[in-house]
Amino acid sequence: MIDKTVTDAAAAVSGIQDGATVMIGGFGRAGQPVELIDALIEQGASDLTIVNNNAGNGDTGLAALLAKGRVRRVVCSFPRQHDSWVFDRLYRAGEIELELVPQGNLAERIRAAGAGIGAFFSPTGVGTELAEGKELREIDGRMFVLEHPIKADYALISALRADRWGNLVYRETARNFGPIMATAATTTIVQVDELVPLGWIDPETVVTPGIFVDRVVAVGERSWLRDGTFVGGVDIEGRPAHPVEAPAEVDQ
Amino acid sequence: MIDKTVTDAAAAVSGIQDGATVMIGGFGRAGQPVELIDALIEQGASDLTIVNNNAGNGDTGLAALLAKGRVRRVVCSFPRQHDSWVFDRLYRAGEIELELVPQGNLAERIRAAGAGIGAFFSPTGVGTELAEGKELREIDGRMFVLEHPIKADYALISALRADRWGNLVYRETARNFGPIMATAATTTIVQVDELVPLGWIDPETVVTPGIFVDRVVAVGERSWLRDGTFVGGVDIEGRPAHPVEAPAEVDQ
Amino acid sequence: MSSRISRDALAARIAADIPEGSYVNLGIGAPTLVANYLPDDLEIILHTENGLLGMGSAPESGSIDPDLINAGKQPVTALAGAAYFHHADSFAMMRGGHLDVCVLGAFQVSQSGDLANWSTGAPGAIPAVGGAMDLAIGAKEVFVMTDLLTKAGESKLVAACTYPLTGVGCVTRVYTDHAVFDVVDGRFVVREAFGDNTVASLAELTGLELASMADAAASVEGT
Amino acid sequence: MSSRISRDALAARIAADIPEGSYVNLGIGAPTLVANYLPDDLEIILHTENGLLGMGSAPESGSIDPDLINAGKQPVTALAGAAYFHHADSFAMMRGGHLDVCVLGAFQVSQSGDLANWSTGAPGAIPAVGGAMDLAIGAKEVFVMTDLLTKAGESKLVAACTYPLTGVGCVTRVYTDHAVFDVVDGRFVVREAFGDNTVASLAELTGLELASMADAAASVEGT
């Protein structure tokens, strides 16, 4: 029997070695595999190269990994955000390297790694400083820049639901980089809201076939869902929108 | 209101000009847009370049288009089949050109056209006669061959279901080339079993978003389905598996 | 008459130029205002680079869904007829030329249509490009929405960009608070001057030779 | 003892070498026989290039579904846990090296692992390549299933292919009716000889210098 499920996030991230290249899914917070990142922080691997669209938000998730000094280099399209203070500090202090990649080149380079493409001529970035030093070519009257695949040792991604073969479905725009990162890493590790029995995911709707998935861990339903139905009640960061006051302590 | 539906297959294929490049979906008979091909035969465009995985089966569909002498050139991976007698005859008579493309290069070149890629280094075909005259390059110790996009004026494809925005879902392995051909043609024309109201297709399950679709025509449910459920009763070519004898005529 | 229109009026002006049935990306920041002025009775389909076609307006309070956001990472909704897809498919959609219109902000636009909108090149600034370069080269029409002048009074329309480029020769039209300009054959054509602006006054503000629509028409006839 | 095993016995021999959990493509023609010998109690996931992972056996008569076929265009079924995808995704799966094993037929295999299986190069023949070249370069292990000799008695294992190539240096193992050969460092190593075949008798049949497993082991130790 094929069973890619593991018992907890610690088991899911075991073996990630110092110096590894790790893709981390998510666009901002949507689809960010927070439990896996927390487990990676706990696990202790350092000197990492991280591939993500961003470079961390606030003080949790990817930002927390950066804050611990575990990351040598970030490959991303949009590090600077209103809440990217952790990355900003490290970058200004010269404590982290940045490879800035236009978002479409980032996505296509990740896909290329998964699809066995050696390199491709991209329309994006031509004539800009992000194409400096790269090979240019005119094809059918238009200029293109040669871009190479980005592959990884590990991908940490988040999906809505999986079966034990690792077939995945996602939810809304939390899908983002998950499906392509899953194809581009030697070992793909997925956190999901829930595991379902084999055959419960309609084969027409599978977004990531299990062939791309190595380990799956269920981390429980997100707080804005109840039994798979959206119930809201949170802000954009997933915190309770109207926090309930803790009841005053009563002296006994 | 956006409404990409047209009333019949004749309207769907209107305007296809002599000399056009036309992609036709399908792998063998699965997913072949038979009603659109029949309408194209009726419409009369000639001197066509056809992009398809095969070069026609039996005497219907693509084979019938070839038999009418409407096709100057075929781009495909696998023309020779047990029932490809129409193509075989034309090819041996020197009446049709063939560009033979390995199937993976065919698929990736079609995708590249839709994705704005100028060209890409492919792992497939290196060292074979199908790479002769093409640029080779060693990347990370492996040889690749440069392949260019295949685009088309029109794509004729078949899907299971559409809404009026042109969102599509497919059925089983009839999906094959449909989603990528839809992205690579200036005008994409789709035949579907049924049209459904906007919003009836779950946005998580859309395979071809409507942005890639220009015209949709409903041609009715395939004979092996009843109200969307598989009922069988056909052979692999879709003909009744156990034809019912016509009742003997009774003299009155 | 005033010489400038408000940002909201400009958003409305852009919205009025977008035909029904268009597939449109409104980038991030000010251009997203355009969505507020798209007529409710016209179907115009919004794309957001993080994987959604058929993006709707912001959700009601209490219905924020952290899984459903736009490129600016703000909560949005999805219309009936929407579709989700992954990032490579989303950018293939842009880069393959399938979007009809995108609307972007700008630091500078040159008269040959070069766009600079991602970096001022200031020393020590943290660079971030996101999807700007893909949008700039991908859409059939690349509209820029911007003030004509910087806060310091310098023209954002320039002979040649001095800021780092986002894309080369990609801008087709510039909507500013003073006027609307088409980029045609290496010069700006004043398509519409707001208030008391004229081709001459705009030429003075920008320091550029500008063409009127009549000039442009004559030029076409003369070819 | 006989010097040859049957095609079905060979299919069973190949099936026995495929571990549980493998993702496997069985091409078209004879290699598809291997599916009949995969143990029912092991989960081995079959890929078909036309867009399905989790392919099952042929349907019952009366349940043929023309939308559900394999690469040979024969009716198949889909298992619980299956997934459908389009052709570019399907070939990306192959070409990206995600399949563990593929099994292909051959006209010739060279001792450096070159494969010729798509064309005899005969004048006037209609060429057809399908997915053979993608499979040849894509899977982690490329197994060939073939008779050792042609009907004319010529060896299909050769020093260098004379037929048009499908892929260069791609074959890792050859299962023939006489023996199983590994391709190692530019020579064939006899992994297993069936019946009364020996390394010497196989060398004579093929006209090649062959290595025994002992030779190969010594060679590794000697490095």
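In order of appearance the chains are A, B, C and D, and numbering begins at 1 in each one.
The rule is short, and it goes like this: a contact is a pair of C-beta atoms (placed from the backbone, for glycine too) under 8 Å apart; a residue touches a chain by one contact, two chains touch by 3 or more.
For clarity, every value in this text was computed on a predicted model and none was experimentally measured.
**Student:** Any chance you could name the chains that touch chain B and chain C both?
**Tutor:** A
**Student:** Counting one step for each move to a touching chain, how far apart are chain A and chain C?
**Tutor:** Minimum step count, chain A to chain C: 1.
**Student:** Which pair, A-D or B-D, has more C-beta contacts?
**Tutor:** Top pair by contacting C-beta pairs is B-D.
**Student:** Taking each chain's centre as its mean C-alpha position, how far apart are chain A and chain B in Å?
**Tutor:** Their C-alpha centroids are separated by 35 Å.
**Student:** Report the inter-chain centroid distance for chain C and chain D in whole angstrom, where each centroid is the mean of the CA atoms.
**Tutor:** Using C-alpha averages as centres, the distance is 55 Å.
**Student:** Roughly how far is chain B from chain D, going centre to centre by Cα mean, in whole Å?
**Tutor:** That gives a centre separation of 29 Å.
**Student:** Where in chain A do residues touch at least two different other chains?
**Tutor:** Each of 108, 111, 115-117, 122-123, 170-172, 204 in chain A touches at least two other chains.
**Student:** At which residue positions does chain C touch at least two other chains?
**Tutor:** 52, 78, 84-85, 91-92, 94-95, 138, in rising order.
**Student:** Looking at the whole structure, which two-chain pairs count as touching?
**Tutor:** A-B, A-C, A-D, B-C, B-D
**Student:** List the residues on chain B that touch chain D in their complex, please.
**Tutor:** Against chain D, the touching part of chain B is residues 27-31, 53, 77-81, 87-88, 91-92, 98, 100-108, 110-111, 122-130, 143, 170-180, 207, 222, 224, 230, 232-238, 241.
**Student:** Using the touch rule from the top, collect the residues of chain B that touch chain A in their complex.
**Tutor:** 108, 112, 115-123, 137, 139-140, 142, 144, 148, 169-172, 202, 204-205
**Student:** Please output the residues of chain D touching chain A within their complex, sorted ascending.
**Tutor:** 20-21, 23, 43, 45, 47, 52-54, 78, 80-85, 88, 91-99, 138
**Student:** Going by the contact rule set out above, which residues of chain D touch chain B in the complex?
**Tutor:** 48-52, 61-69, 73-75, 78, 84-88, 90-92, 94-95, 114, 124, 126-134, 137-138, 164-168
**Student:** Please name which positions on chain A make contact with chain D in the complex.
**Tutor:** So the residues of chain A in touch with chain D come to 1-2, 111, 113-117, 163, 165, 167, 183, 198-199, 201, 203-204, 206, 209-212.
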